[in-house]
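Report on the following structure.
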Amino acid sequence: MLRLEGVTKTYRVGAFGGRTLTAVDDVSFDLAPGEVVSLIGESGSGKTTLGKMVLGLLAPSSGSITLDGVPARPGKGYYRHVQGVFQDPFSCYNPVFKADRVLRMLKEQYFPEVAADEWDGRIEESLEAVRLDPGQVLGRYPHQLSGGQLQRLLIARALLLDLRYLVADEITSMLDASTRIDVLNLLADLKVRGLGVLFVTHDLSLGNYISERAVVLHRGRVVEAGPTELVFGNPLHPYTIRLLSAVPRLTARWDGDPGAFDVSAPGDPGDPGAPAASGDDGTQGPTTLVEAEPGHLVRRDETASLRSTR
Amino acid sequence: MTAVPTGRREVLYFALRNGKLLAGLAVLVPLLVLAAVAPLIAGDDPNAYVAAPASPPSAGNWFGTTMFGQDVFAQFAHGLRVTFLVGVLGGGLAGLVGMVIGFVAGYRGGLVDEVLNMLTNIVLVLPALAVLLIVNAYLGVRSVGVQALFIGLTSWPWAARAIRAQTFSLRSRDFVDLARLSGVRTWRIITREIAPNMSSYLFMTFILLFGGSILIAASLDFIGLGPSQGVSLGLMLNNAARWNALHLGLWWWFVPPGAGITAIVGALYVMNVGLDEVFNPKLREL
Amino acid sequence: MTLRVNDLRVHYRTLRGEVKALGGVTFDVGDGEILGLAGESGCGKTTLGKSLIRMDGRMRLAGGSAELDGRELPLGDDRRMNAFRFKEVSLVPQYSMSAMNPTRKIGKMVAELLASRGERLDTGELHRRLDLVELPRDVLTRYPIELSGGMKQRMVMVISTLLDPSLLIADEITSALDVSTQKAVARTLAEFRDRGFVRSMIFITHDISLTYQIADTIMIMYAGRLAEKAPASVIVSEPRHPYTRLLISSLPEVGVRYAERRLSGIPGRPPSLLDPPAGCRFRDRCPLAFDRCAEEPPAVEVAPGHHVACWKEA
């Protein structure tokens, strides 16, 4: 079990670090083996910061991240089980080296004792798991491969380890629609094999397609969380409702709600990252996560009485 | 296209097929060889008075003689040795200091960056010549090594700033995160992931520092703070200037050292452009 | 008929040869029509949009023509096109965030832009349009850097439609935006059309679900050619071209329970346009391909307003 408890990340900004900016505010949830949890949010929601903290690339300001009860510490031991794949496949490869260097790096760091033949066998196996043809990707430079191939190669790389959890941060947003679904299906296959996936995305339709549970982030805070069919089928928080109504669908045109232009100028308190004091998430004053129905959490005013569920 | 070898040999494969690199080497290697064998073909003492003063190039004195009857070719060959030595030592030291400070400041950021940045700026504004005058007055050392050491310790700041900026932008690339996720340690990330991305840039830095060292050495020689013994290309130029070689029409006195410095720095620059193509796989295909 | 494009061919010069980015496309856009241009990366949609307003230095008009309101557009002649740009054909670029001069106050920039076209600024009309996109009127006294990304996007939308052009080209203008902002921007575009600020529009995007929300007609492109063009609802509910069908069936939807049901992608990659294959360009990836596909399929009107370039439908 990968567990986040009260994870918060604040940055000091402005001259002499006079102001603080809360990118992630008191986020708690957990990720079990064999399940996909979607972390859904728009830009500035803190979803990428949260993903980086799970990967140990950023340290939380407070709160804890534990793997089977042991505090997560970036290092070889942790990365044996927890790995990440990022948004821009081209940026994940060092452009002056061949793409398969990402695999060799793992051998140097983790498996120096494994014989070359056996290692080649393992590579072939993991490439097969992501449905890549070794002849097409090995020995090539990153710019000679497609975005989809590069993304799969990164997943294959993670599979060479004793992988248990994968943080997938917007991994399909640079891919075309016709290849995007294949990468999603690949994650679903890995899930069946017991992998826990944290699927970070801004695209609700992808989150709806692949995940068992969804966590909706808004300005660093969880506003709604629960089983996917409840969050998407019976959204309770005004922000989630608005988000869902704005998603373009093929089955229906938009309703009357005009959507919202962003009105905050850069650097305003309303800038992405700062927690909303009021307004946009439909709440005022102190709020708390309330269990509206079994397993379905929603952020509500502390003072307001529970509104009835639909 | 024929089969291209892989790994380290691949760089060599493209290097040997790069016109710019080969042209630069074609200029540089003969000069290096000449410097290496100078004592064998030009005698041990370049300052000996060997022939009639101010005679133009001839079979006996290939580059002619100075106003005092010293052989210009012998001075040129020996001067190349000193010039290469000052360039390599001074440029190398400056490059090393600049790289260490630039990489650490750019990669670590935060407080480390601010302290190193302050140090860089202090050295940058030091009046180098004034410091040298004082150092020289107190220590009185005038060997080529000390000259190179001094040049190296004062000329690194701009290199450090340039490398810091490059490192800073590369650090945020995802492949650095991926290397961290592979358990690679910081220093290895800097040397194995970030530095190769700027290898041609680093080489360029070294070339500029190398050329800069040669030029600083020549200026120091002129104000009498150079090595008290021997000869360098800078010393030759300045001697020629001091004795009005230009007005007297002794062109063979100042053309060889001037052309020598220009050829060395120019050849290194052309090689740098060629190396960029060798190191960057995307440029190879064009 | 506002825009009539006939067998337009545009090539890109590269060091490896000419990329035939647009390989002969014919279509019309009617008065008051929003044409959604959709397809995957490299299908030629951006090239098409660009070639109707400004070819960059690497682009070359290899054939075909375009007519706007009955007048021929001099596509290959950059200087003669100047008379049409902004007045007749206008563009909202993908990165409108960087399309404004950072050293000029916005109001001054707008006045200068109009002056360069020999037009006078109608301040009242400008204010009405700012109100429409919910921008405060004092943005005109601010510098571009003082505006957020979404505000700049709206400002550019207002500026590029200020002279009521016949044709507006919007190229991927929402792809960098969040969903709720995306909705507001797309709706505003449709409203510009409704109010007659622009006569017709080409809305370029890779997102078919988005284009379906505002477009009257959708044109799907593949590898530099037209694959299918039909009224928006027909494209999403009864697509006829195999590529359109596969593409639409690969899109996951919010509000659908997938459970164990899987969607599938389209195996393979589009062909290289340096040396495009003869015949149907989707042939290699098409499950229905047969002998005839070695010949190039013409775009046939299978139903009123529904054009399909596929031998199975001809």
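Residue numbering begins at 1 within each chain, and the chains themselves are lettered A, B and C in the order written.
Keep in mind that, in the parts below, contacts are C-beta pairs under 8 Å (C-beta built on N, C-alpha and C of every residue); 3 or more make two chains touch, one makes a residue touch a chain.
Computed from a predicted structure; not experimentally measured.
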Using CA atom means as chain centres, which chain is nearest the centre of all the protein shown?
A
Pair joined by the larger number of C-beta contacts - A-C, A-B:
A-C
Return the chain whose centre of C-alpha atoms lies at maximal distance from the corresponding centre of chain A.
B
In whole angstrom, what separates the CA-based centres of chain B and chain C?
54
Cα centroid separation between chain A and chain C, in whole Å?
31
How many angstrom lie between the CA centroids of chain A and chain B, rounded to a whole number?
49
Which of the residues in chain A end up touching chain B in this complex?
52, 55, 57, 74-76, 79, 83-84, 86-88, 91-97, 102, 105-106, 109-110, 139, 141, 143, 154
Over in the complex, which chain A residues touch chain C? Could you list them?
42-43, 146, 176-182, 184-185, 188, 202, 204-206, 208-210, 229, 232, 242-244, 246-251, 253-254, 258-266
Which chain B residues qualify as touching chain A in the complex?
6, 173-175, 177-184, 193, 196-197, 199, 279-282
Quick one: in the complex, what on chain C touches chain A?
40-41, 133-134, 146-151, 154, 178-187, 206-210, 212-213, 236, 246-248, 250-258, 262-266, 269
